[in-house]
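This is the structure I want to talk about, given as structure tokens.
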Amino acid sequence: MILLELLLMLLVAYGVGFLYYGLYRNITARFQRRFGPPLWQSFFDSIKFFLKEESTSHGWMFYLGPIIMMSGAITTLFFIPFFKETTNFSGLSSYGNLFVVLYLLVLGPLGNALGVGTGGNPFGAMGVTRGLSRLFALELPFYIAVIAIMSLSGSADISEIAAHQSTMYALAYPLLFIGALFSFIGMMGQSPFDVVGAPVEVYSGPASEFSGKFLALLMSQSAIYTFAKLVLMVNLFLGGAQGFLELLLKTFVLFLFVISFGSLYGRFKTPQSIDFLLKVPTTIAVIGLILATWS
Amino acid sequence: MMINLSNYALGHIVLALEMSHLANFFAVLILLSMGTLLFLVKNYALPKSFYALSALLSTSLFLIVYAADYLLFFIGWEVMSITTYFLLSFSVSQKTLHKYIIFAMSSALALFIAILMIYSTQQSFLYSDARESFELMGEFQGVFFLVLILFAIFVKLGVIGFHYWLVDAYEEAHDIFTAFLSAVLSKMGVYALIILVVKVTQPMLALAIIGVMTSIIATFKAIQEDSVKRVLAYSSIAQLGYIVTVLGVADGMSGALYHSLIHTAVKLLLFINIAGVIYMTGRDKFSQLGGLIYKMPQSFVLLLIGIIVLAGMPPLGGFSSKFLIYSALLDTKYLLLLSGVMFSSASAFLYIYKLIYGVYLGHPSHKKLESAKEVSLSFLLPQYLLAFILITLGTFPALIVPYINEILLESSLTTLSFTHAGELISAFAQFNGLIVMSAFGTIFVLVVIFFVSTRSKAKEAKNRFDIAYCGEEPDESTHLHYGYSMGKELARVGILRAIIKNSSSHFYEYLGKQTLSFAELFRKIYSGKLSVNFNIAILFLLLLLWGSLR
Amino acid sequence: MEEGFLLEQKTLEGDLNSETSHQSSVDFLMNWFRKRSIFVLAYGTGCGAIEMPPTFTSRYDAERLGIRGAATPRQADVIIVSGYCSYKTLRRIIRTYEQMSNPKYVLALGSCTVNGGMYWDSYNTIKKLEDYLPVDMYVNGCMPRPESILEGFIELQKEIGAGKASSWQKYEENHEFYRKNQEAVLGEKVEPSYEADWYLYEGGL
Amino acid sequence: MFKTIKSNFATADVEVKRQDLYKVVIKYDRLSALIDFLYNNYTYKILNAITCTDWIEEGHFALTYLITTEDRSNTFMIQTLVGREDTKVESFSKKFKQAQIMERDLHEMYGIDFIGNDNLKELSLENWVHTPPLRREFDTLEFVNEHLTFREGREDNVDVKAETKRLRALKKAQKEADKKAKEAADASALKENEDGK
Amino acid sequence: MSSVLFVALPLLFGFSTPILGYFGKNAVAYVSTLMQLFLLYLGFDLLLNEGFSIELISIAPPLGISFVVTKVSLLFVLLFTSVMTLFSLYYLSYRSEKPYRDESKFFILINMLLAASIGLVLSSDIFNIYVFFEIAGISAYILSAYEKSSSALEAGIKYLITGAVASIFLIFAIVLIYIYIGSLNLGIIAQHFELLPFQIKLLISILLLIGFGFKVEIFPLNFWVSDVYQGSSTLVNALFSAIVVKAYLFVFFHLLYLFLPHGEFSLFLIYLGAFSMLAAEVAGLRQSHLKRLFAYSSLGQVALVFTAFALQNTQAIQAALFIVLAHSVAKMGIFFALALIEKEHESMESETLKSLNSPFLRVILLISMLSLLGIPLFAGFVGKLLVLKSLALEGMLPIIMMIILASLIEAVYYFKLAGYMFTSDKRRDVLKVTWAHKTILAFLSLLLLIIGMAPFLLSEYLFEASKLMLGGVS
């Protein structure tokens, strides 16, 4: 039974992930006063890449890189419960907690970074360096907010945190939410902090050496990761969800905000984004933390 | 179980040895590192005195661990510092050697004063009387006692203000000895911290703050380094920073013990791996290495396991110890401490990736690296053993919790709740290592099956130059080994430049110069001219008379 | 009566899938996906490159047809040779073309690729792209405007959909012919040779 | 200023082509002395361009150096005549850094050898082994016909020039025929008027 | 066998050397070594069958020789005789390459030095002490000026002047005592000393302090030590640091305990000792000349002994005796080794150690240095531990701090030398050491190790000795 539920969670994540990805391309297109591609365009792209005649590989570690990334994404998904009270659709979250999820979020990209490294493309190495140096600046405000929430709800278990929120943490502690939101934009790879895979500056960064089915796998795992992160943010800050509809609604609202914020801003250079992240969101989060723990 | 040596009293001083659980735990660490390092010894032509000295060193370590009174502990500590001095002298430069011994001797003598202070109040060196004698000490004397003890331990642990000697010594020492240094000698600092501070006084917030500062600054300094051994030295300072932090906080003992076990195993694994690479290629700088993955595949996989544990990633053991540390810190209301520790472990990913990228991935930076072959079994066997330990601790995190509980009971601290080997439970939450590992494993296999069965077949690139290079065609002369100096751009960020740029070395050089100039002044008093000396003598005589007549 | 953009959209797409051709359902499905998503390599070889931005951005928006830019040859399906092609650029075009993964298509813009165009007598440009690279689709016009480029893309998609655009197989089959012409123009041996015989091997996992 | 140049550099008189452009022709051996003179005394610090025109009939190249003053108010054209066959010219890349690229281009296109320029490898023509293309004895069309192949046209293709001539003749004939027909029609209409009147 | 023999025999030998001269060149050397062996045997014989007695030989009523042999004075006698025998054995094999010029005079001097120092330790008559004070001084001045170099001459003169000044102060003190108390015997003086008025008592003790201060090398008065060590030959240095200083130290504190049993000045003396140790070590930090460096280090160690004695309780004195033993043995090892190095390398700068290429000598030097530093497994540690323990009991934290700081500085410059020896550098050809030297040096290091590892062998004997010394039975 649990296997069926896990499979269902995976399909939902895959489908909704690509749906959101298509919506993202359409909404940004509408921002740029043009008709975006059909809704399932990203899905078509990934399937087309799966159907390529052949794809270049550089040794077994290169081959395993995207696979580790994909398995990291799926594992993270399974450790995040979809709903607040009920135990169904909670995947394996009863066996893990928030720390496990926070580190799983980073396990995938690190595995992929190994593949990029063996690929030997200097642009790949440059992309990974930017990604990692941006990573720790992103994590700081997010960790402060998450720690505040964990100490507030007295447990590190995600479903418990979601259940504990009588009023949404986003409303109860707005400063924490804003701090976490800044780094969430970076985690979703949205504009002010997405210098990692910039197609022109860094020859599309880590993905520069991936062709054919590797690229397809990267696209599908990014869809799953997006959905997993959205659900996580909903559980942590927006008071979790009872049913599917509420889950989709909340995730879409969050996603909408993140894309629109992203499509309005140009790209920061890596030192700029680190400098910004270590200054503004961190101070907001620290103030939020102090206020939260004082009361 | 206590062996009483009192009949060898030197004028009624009681010397005692004791087999406490805590002592056995650290003895296991010593045995683990000695056992694994013995495999490597036959690869290097070491002078016979190296073996004699290491035997003496290990006896002094066991003496430290099993001593039940501070005097034996001090004797072991002093002998350890001296034998380390001579073991270092085989390959270390004169300047670093001198820096080391000044720090080691000052730490040992500070410890000696502290022990004497304990003795002066309670007339006994035994551990059991330490707590009362500390209470008996006056307020000022108690602070002075703690300052001395912390100075001695911080020098040995290489806490950020006192690491001036540590990084150079680790870099220049013989590869085997560096592994031993970082894996075991720093643990002696932890042991000293436990018996002298944690057991004697209540947890101090200052200790935790210093620990966090150390780990953050050490991590950013590690990112800037080009030599592999220096990076590992800074990373072991950072990891010890975590232990110091968690020891400065209430019931952090379990996290500290678990993390010291994990740290010993992972540091041994990393150093042996790097020793293998240096043994094979003769180079130890990132800028000179690179592209060894397909020539030394087993070492690559083992280093991969090592860095996953160092980073604290879930499936492997590193996460279980980090989890205990985080839960212990979460209990206290100092949440900024926890965010500092998590921040430093997040920013550690940069030098962790640099470790594996600089050495194994990317392009070889020199033709000579093409001829590198896999290291012999004597390097690989210890690494496999250590990897096995780390993996089992990953899948069964609570394996050693019963043993840790015994130690906690022994020093009357609250124990961890324990259900079965797979589930690690802390105050705030629990996680099942078995489920995490098997979930990740099965998903990995399923994805591989799916990936292999897709229509598009993966074709192997012809050689390492077949990369998308904007239409150009790189050849032997183009410099492709990028990314080995990743992290240098952090110096451009305002806040981090402050951390990275200034270092404590100027302070120590200044101090050295001052003492030498002061000594020069004294030498003038002992100058040759007789007249000067007589004047001083007469001056002294007058002073004496004035003093006594008053 | 609709007019303006919607009309243009309908007319362009109107007869997109009118091309009925007899191919097995698997091939049909595969070609359908290849038709619906085309990644164009961001590589401006000649003066036609200036036509690319308007085609892919707001006014003409190639993305609505599923056509997107790709940064590296590894990710690209279509390479656009836009305009005159000097020997120096030809060497890079060949190198990039060989790095793209099959099935790959070439879209040649302007008359310079057909018969040398206005540089017909220049010592420095090649006159006939056909000899050096198999070309799927020509779009003439001394730099065709975005509409005609889109027209070209639609035609290419129709051919892909019908499974007729198989220039990459032609390149593999008579590879010596292409290599001989290339070396005649580029002087010494075209590097890297291993790229060419890369096709002869069977794929792995 | 012009008199001093004329006197000590034995040149023809300086020609003021425009309010801010002077031209002087000078023998090659006095060239660098003049440039240094202008550089030091009259702030002609910027070398705009080195150009070369091929006078195949007279059998020499005309090398022109364009230098401008610091405040860009005035430019000086210094022209020298150098031989066409394996000419050796002293390079200015030490004094002006940008001269290095200009000389490299001239070397590639005209085959002039610049002594002292450390990097004279090819700029835009890779593996070019024939005569430098901008020399006038090099005939591009003949080169193209010899080395490259054109697309052979359709079977029914005709020579473009002959075809245009034929079409033009046809149109002219057509026009004349219409004119004649019109005149005939006018004549007949005139005649009818006369008949009618 | 009476204890007077210890003094009589060496003097007798001194006068008989011209006769022995005829029997051949090395006859003198062999006879003197035999004589010292006999003295050593005599010492042990007294020790074994508890021959503690008081010898009274009065020539004229106030003048006469009175020796008192107690456990502690016998300890010093044994120390001196064993040091001297080891010295002459070492010198026997050393003289084959580089003998001193007209050796017979040299032997007379060292025997006179031995006799005088034993006399100092044994005598319980204050005038005797002055006499032996003078004899020891004179033989030391000539010994230090023995070599024909300018620095030796300078050392000799400096030593002579300070010695003379010291003896003047001493004779003043003795005259005052004789005037006020009337007798020269220590026991009687001790009984009457308290009754004296405070000023007089103060004056005498100050005079005594300065008189012995020069010899005991206390801070303001020990400027001459480094020049003397630099001037005199290395072997003689060994004698100076092992025997001469110890004798004066013992006598000074013997008198102190007798005259001021309640330790009025002990606090002042403790601070004086600690400060002089610190001063000596700091001065040693900048030294590059080996002999001067070891001079400063022996200043430091002597100051430590001084502080220990000044504490005036049995444990402290036991510690002081431990340090005395350890220091003598270690210093002998060092100076014997240095003598060999000087013979080979000619220069005594510390850089010569870099090019030293004899593993044996390196180990010997290392062991002695570690013992001097007080590293646990060696004898020095026992002494230092006991001193600091007794200081801790008294609760004198600043003193402990000063001593630890001083030993830290000493560690710094000792390990600088160890660093020179052990880091790889261009080495000269191997320095061969004769088996005789090897055995003596090995014996010394072994002694250090044994005392360090198993201090309980000596601790009972030393404990009674220190009780006796404090009890002040005269």
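Going in written order, the chains are labelled A, B, C, D and E, and every chain counts its residues from 1.
Operating definition for what follows: a contact is a pair of C-beta atoms (placed from the backbone, for glycine too) under 8 Å apart; a residue touches a chain by one contact, two chains touch by 3 or more.
Model, not experiment: these values are computed from the prediction.
Using the contact threshold fixed earlier, the set of chains in contact with both chain A and chain C is B. Between chain A and chain E, the least number of touching-chain steps is 2. Traced through touching neighbours, the fewest hops from chain D to chain E number 3.
Interface comparison, A-B versus B-C: the higher count of C-beta contacts falls to A-B.
Chain centres were defined as the mean of their Cα atoms; on that basis the chain farthest from chain D turns out to be E. Central chain by Cα centroid: B, whose mean Cα position is closest to the mean of all protein Cα atoms. Measuring from the averaged C-alpha position of chain A to that of chain D gives a distance of 61 Å.
Averaging C-alpha coordinates per chain places the centre of chain C 100 Å away from that of chain E.
One simple way to say how far apart two chains are is to compare their mean CA positions; for chain C and chain D this gives 37 Å.
Per-chain Cα centroids separate chain B from chain E by 46 Å.
Within chain D, contacts with two or more other chains are made by no residue at all. Residue positions of chain C touching 2 or more other chains: 30, 72, 74, 99, 101, 203-205.
Annotation, chain-chain contacts: A-B, A-C, B-C, B-E, C-D (touch as defined at the top). In the complex of the two chains, the chain C residues touching chain B come out as 30, 43, 72-74, 92-93, 95-96, 99, 101, 191-192, 194-195, 198, 201-205. Across the interface of their complex, chain A is touched by residues 5, 9, 30, 33-34, 36-37, 39, 42, 57-59, 61, 63-66, 68-72, 74-75, 77, 99, 101-103, 203-205 of chain C. Interface residues of chain B, counted against chain C in their complex, comprise 451-452, 455-460, 462-463, 465-466, 468, 471-473.
On the chain C side of its complex with chain D, the touching residues are 86-88, 91, 114-116, 120-124, 126-128, 130-131, 184-188. Residue ranges of chain A in contact with chain C, taken from their complex: 25, 29, 32-38, 41, 44-45, 47-48, 51-57, 63, 199-200, 203-204, 207-212, 215.
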